[in-house]
Amino acid sequence: MMMSASPPSTIPAPPERIPPGVLAARDYERLAEQCIPADRLAYIAGGSGEDWTARANSAAFGRWSIVPRVLRDLRTGHTRVRIAGEVWAQPIGLAPVAFQKLVHPRGERETARAAAATHSPLLLSTLATTPLEEVAGLLSPEAGQPRPWLQLYLQPRREDTLALLRRAEAAGYGAIVLTLDASIQLASHRALRAGFRMPADCVPAHGSIGVPASALPAGASRIFQGAMAQSARHEDLAWLRGATTLPVWVKGVLDPADARALADAGCAGIVVSNHGGRTVDGVAPSLSLLPAVREAIGSHVPLLFDGGIRSGADVFKALALGANAVLVGRLQLYALAAAGALGVAHLLQLLGEELQACMAVAGCASVADIGPDRLLAVPDFNAIP
Amino acid sequence: MMMSASPPSTIPAPPERIPPGVLAARDYERLAEQCIPADRLAYIAGGSGEDWTARANSAAFGRWSIVPRVLRDLRTGHTRVRIAGEVWAQPIGLAPVAFQKLVHPRGERETARAAAATHSPLLLSTLATTPLEEVAGLLSPEAGQPRPWLQLYLQPRREDTLALLRRAEAAGYGAIVLTLDASIQLASHRALRAGFRMPADCVPAHGSIGVPASALPAGASRIFQGAMAQSARHEDLAWLRGATTLPVWVKGVLDPADARALADAGCAGIVVSNHGGRTVDGVAPSLSLLPAVREAIGSHVPLLFDGGIRSGADVFKALALGANAVLVGRLQLYALAAAGALGVAHLLQLLGEELQACMAVAGCASVADIGPDRLLAVPDFNAIP
Amino acid sequence: MMMSASPPSTIPAPPERIPPGVLAARDYERLAEQCIPADRLAYIAGGSGEDWTARANSAAFGRWSIVPRVLRDLRTGHTRVRIAGEVWAQPIGLAPVAFQKLVHPRGERETARAAAATHSPLLLSTLATTPLEEVAGLLSPEAGQPRPWLQLYLQPRREDTLALLRRAEAAGYGAIVLTLDASIQLASHRALRAGFRMPADCVPAHGSIGVPASALPAGASRIFQGAMAQSARHEDLAWLRGATTLPVWVKGVLDPADARALADAGCAGIVVSNHGGRTVDGVAPSLSLLPAVREAIGSHVPLLFDGGIRSGADVFKALALGANAVLVGRLQLYALAAAGALGVAHLLQLLGEELQACMAVAGCASVADIGPDRLLAVPDFNAIP
Amino acid sequence: MMMSASPPSTIPAPPERIPPGVLAARDYERLAEQCIPADRLAYIAGGSGEDWTARANSAAFGRWSIVPRVLRDLRTGHTRVRIAGEVWAQPIGLAPVAFQKLVHPRGERETARAAAATHSPLLLSTLATTPLEEVAGLLSPEAGQPRPWLQLYLQPRREDTLALLRRAEAAGYGAIVLTLDASIQLASHRALRAGFRMPADCVPAHGSIGVPASALPAGASRIFQGAMAQSARHEDLAWLRGATTLPVWVKGVLDPADARALADAGCAGIVVSNHGGRTVDGVAPSLSLLPAVREAIGSHVPLLFDGGIRSGADVFKALALGANAVLVGRLQLYALAAAGALGVAHLLQLLGEELQACMAVAGCASVADIGPDRLLAVPDFNAIP
């Protein structure tokens, strides 16, 4: 993401009401082109290159259908989950989406208000356009709202990373989520063709994803000796875990052997993700590797999932295939653009009710009841009209 | 189904003649948009959400092709089946479709006339717009017409259920079919967008699918503590079986283990169904679980099937995959809308002749000859132009 | 096929020249709508019902791709095959297509001239519009042209069948091919909608596919007690084999067990076919059952194939999957319509050269070299753009 | 390729600048229709017949997605490969594409300048429109640029082949690549319909693909006794290996048994290729047989791949499935048409950076790290929107 900044152009705030015609969580995606300027939407909706992975992330859910059960007593049914010692009202969190002022003038503050209202977990991006203390100030753990977590990009200088950690600890963050898969991000052609440039007033509040590399020697690779030289390695992770009192999660894991190694190394939990298809086009859909990751790490390591979630049925499928909870990224931004905090809260409510309906149909009284036996693969699924 | 009622608007009766251009049973579906107001059609044709399951129900038949046989002596061929002691002329019954006055001013009375004329089994919905005694009065078991069966939604108060049972017993119904999968019905977005509201004169003659829940306590789930609190449980089924002299079937079963448990519990038979895809979108196509259900319950438990049937070839495939007979729902309503009793009778005749043609080509002299060896899976089937 | 006859309307003969723009055998199909009146084309191109099986017959070839080989010495390469003691220049024959005057005023005479010119085997339909003696008179076995074969529908009266056999024997026919799968032929909806009726001057020269059944008793089935009562049974086949000195083949076999039984019963050979998808829609594509039929009958029983052939590559694939030779039906009629005898001869030449090119690429010096190891299944084949 | 020559019509040179809007290697294909006259583009883009194999070559890559890894130390990452003793900067070479003056007035000279500038391997076609000495003169092995290789069609007269070998040896070529699969090339219908004829000034500089066969005896096949009589056989290969001091590769191998035999016979290396789908339509996609060829020859025989490469991700997939390096054909010509040497160099740079990005995401520090475990098959892949 080396786009240079264009002049400031703050987007106006949407009206504070549920947009008409939103019948399901998925509808916020349909609204997006009415609510978000075309170049910004191309940047947000796009993945990398031809956006194949971004599309495949969503399409992968279509392979699975839900197997109902009947006659279960679901009167005590609920969607609560305990993730790393904290109780979430539903297994649905807000993914750490960067630059939220792209779609709303108050950006992450609105998202935080929605998290507070719905008691939903919020993961704040290092690239947030709102200081982490301000976000934390909008959440009240003492009122049962989950503490926010901080998504972390390792900063080129360790002291900068340490400073961030200290701020997060002081502000009451509940965990650090180290992103491992963002060193390479080939831009979406759709975004490039739409002429997207980051507006000048969309400024990360805490740090960047990495500083421009110093001039490379002749013959050096911008990829290997450039971007990847700043990429996290095992020793960085070990250092990080020693440098903070907070539990450290890792995000951006798809390889089962990687996942097992990270679990063995003592990571607090794993986020299965391909960064929304934004690294390199052609990467496997997140969902396709979820079962193998779960199998590799066993049942006790907490596992979050993101990538392509558009409905409560998608949440159900991700849980059935091994996730303890999911994160929503693009939908979050679409709802934020459409109706601010109210939109995000409404989205979370819709996803939760859709999930509950799936659980009810499948005879699951709790998230723990949602196993792979509740899914059936559909042959030739993408061609169903 | 919490749609509030709109003002009365009785639909006019169609002409009593076979509509021109109906070459096959499937053609009644094509006629529907000429015969049924758009909002009502959206409600009838729609499933839940984006209607994926409703479409997948039909698409699932395309996976299977029929393997012909030659040189069989089929001179004694017939389609008669014995279902729970009663003989049906063909293995094709009328599914318990609610609110038939939506498409014809005389509603279920027309359907009953068609059943009588063709000696077809009729399953009457609890949500019928015609009293069950009136329907029974149009059928003559003494003339060899199968007795009607009553589809039952458990009423919130047991005395109401008992009253229904007594009426059904008194009116000569042959069986009770308890629907197990209707507690959750997320509306079709297509129907919502078409602005469908149940007309005020479409009033269930016997009862409802459940009363609105009393006010839920704060934090309670409309799904779990609301709708599902009224859902049938095993003890309800046991109570029901003790409360009537009629055989009790169960409808809405897709899970093989559920099916086996229900068979073991002494249910008279099982209807494999996903409620036409009307519960939650994303539920597995009915046909995809039919073979596993049959395998789970063994060959002796009677098994009906519904979901996506549009032709006699579809009937053949469902029989080959384990059903003893099938029920048709949407097609029934389309034929009713197009030509009243005559249309429904014509539909049943077309389905039967199409089934006979498949049997003849496959060398099957009776329904018992239709086994899974008569089907072959087609690779990449949905992409055949 | 109970369409009543419409008034005579002889179609004019096409110019006797290769139509411009025919680059491949398949192009004759493209020309058809220029050369054949729309209603007749609908009848010819259509299969049964929605024509799914007819389309699937062709689509099935797309599943297979050809595995090349290099460095083979093919200087002695050829396409000759020995079928039941007779040598064919190429493993490609003219299927017994009925009513050829539908597309050319001289009908089967033109086809016979093409067979003579190219030394191709011709199978004459019982429903030919040209007497079998006249067709035989256009072929010279003494000049190395294969003797024609007569496709036979059993006539309702055995004396009529015997008369046909005597005529075929006297006229020098080389074999009888008894069609087993034509008792049920549900019309193509496309043909019905196009208003096709058989023209009055398209009269079968020898007999019919069966006489209208005598009035059926009440309750009898038009399928079982009607059409199928006249269908061939094992005793008919035994009688036929005893009633003629000619070898008796059977046509219309897709079931492997049927094929084995027929081979064991001493049939001279088997034609794997689903009657061009004209019996009942939903029947399996011919190609999909070819390997199982070959496996069932072993390598020594002669096996012809028809259904969906549009190119020499299709011929190659059918041979690789077990056929000794193939028959072309619809393409034959399209070429006949486009350019009479010259068109049919050109078609046969194109198919042969396309086949030779496939053999050359696959390193096959003779048809015997074309085995299943020369094919590779393509995943997701029908969606390749 | 027996198209007769049309009058000269030299195409003007494109401007020497990177064309705007090229975001990825694949974009050069999109530009082609702006840069290349329609008839020539039809000839270049087309394969054989209906171009199915040409399309399937590209589509086959879509089946595979890339499995990322994290936390690898890639600071020493690079794309160098050692192929037959020579070091290539990246595993991407220029396929031997004939008649390059079709798209640029200086033809292969531009391509050679690009190879020199990027240190890329260049394979010169026998059918080049530039003499091999001139091409070699543009490359400086002493400056670390790989020596060119000469693709060879066996000439009808061995002395002509010997003369070519001597010229190649004298000019410093590094290897001979004998094409084995070009004897049969059925033209693309698209090219025929576009009216393509080879311009008179597109003259092969060294020889042809074979002389027109002498008049064939009656009854002889143009395929078997014509084209294939001139096709290379094992003794020709043995002769060739003895006739030159250069290592001899073979190109056009898809059959695993062929590949093993050629490796056992001492070939220097194998190029898995189906000639860009230009032989016979219906041949298997190159990629589909690559893993089996690699398995057949073991890990030590050098293996190049071509067929359908459009991106660095495609390069990555071919390497993961067994290739040591790949060749690009059509993309090369499109870039040449769009911007001459600069375009080809840009293309190679883009492919290399895209490959590096895939390697970085997959945690591969060198080409040797790219194994089949880095790929995951995607179900129903061609239907992903």
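Per-chain numbering from 1; labels A, B, C and D assigned in written order.
What we mean here is this: a residue touches a chain if its C-beta (ideal position, glycine included) is under 8 Å from a C-beta of that chain, and two chains touch if they have at least 3 such contacts.
Every value quoted in this text rests on a predicted model; they were computed, and no experiment measured them.
Chain copies subunit C and subunit D are related through a rotation whose angle, from the C-alpha fit, is 90° to the nearest 5. Comparing the residue numbers each copy contributes, subunit B and subunit C share less than half of them at their mutual interface. With each centre defined as the average position of its C-alpha atoms, the distance from subunit A to subunit D rounds to 42 Å. Computed centre separation for the pair subunit A/subunit C is 60 angstrom, with centres defined by C-alpha atoms.
With touch defined as above, residues shared between interfaces to two or more other chains in subunit A number as follows: 380, 383. Across the complex, subunit C is touched by residues 21, 23-24, 26, 65-79, 311, 313, 316-317, 353-354, 356-361, 363, 365, 376, 378-380, 383-385 of subunit B. On the subunit C side of its complex with subunit B, the touching residues are 49-50, 52-53, 55-56, 59, 63, 180-181, 183-184, 186-187, 189, 192-193, 221-225, 227-229, 231-234, 237, 250, 252-255, 257-258, 262, 274, 279-285, 288-289, 377, 380-383.
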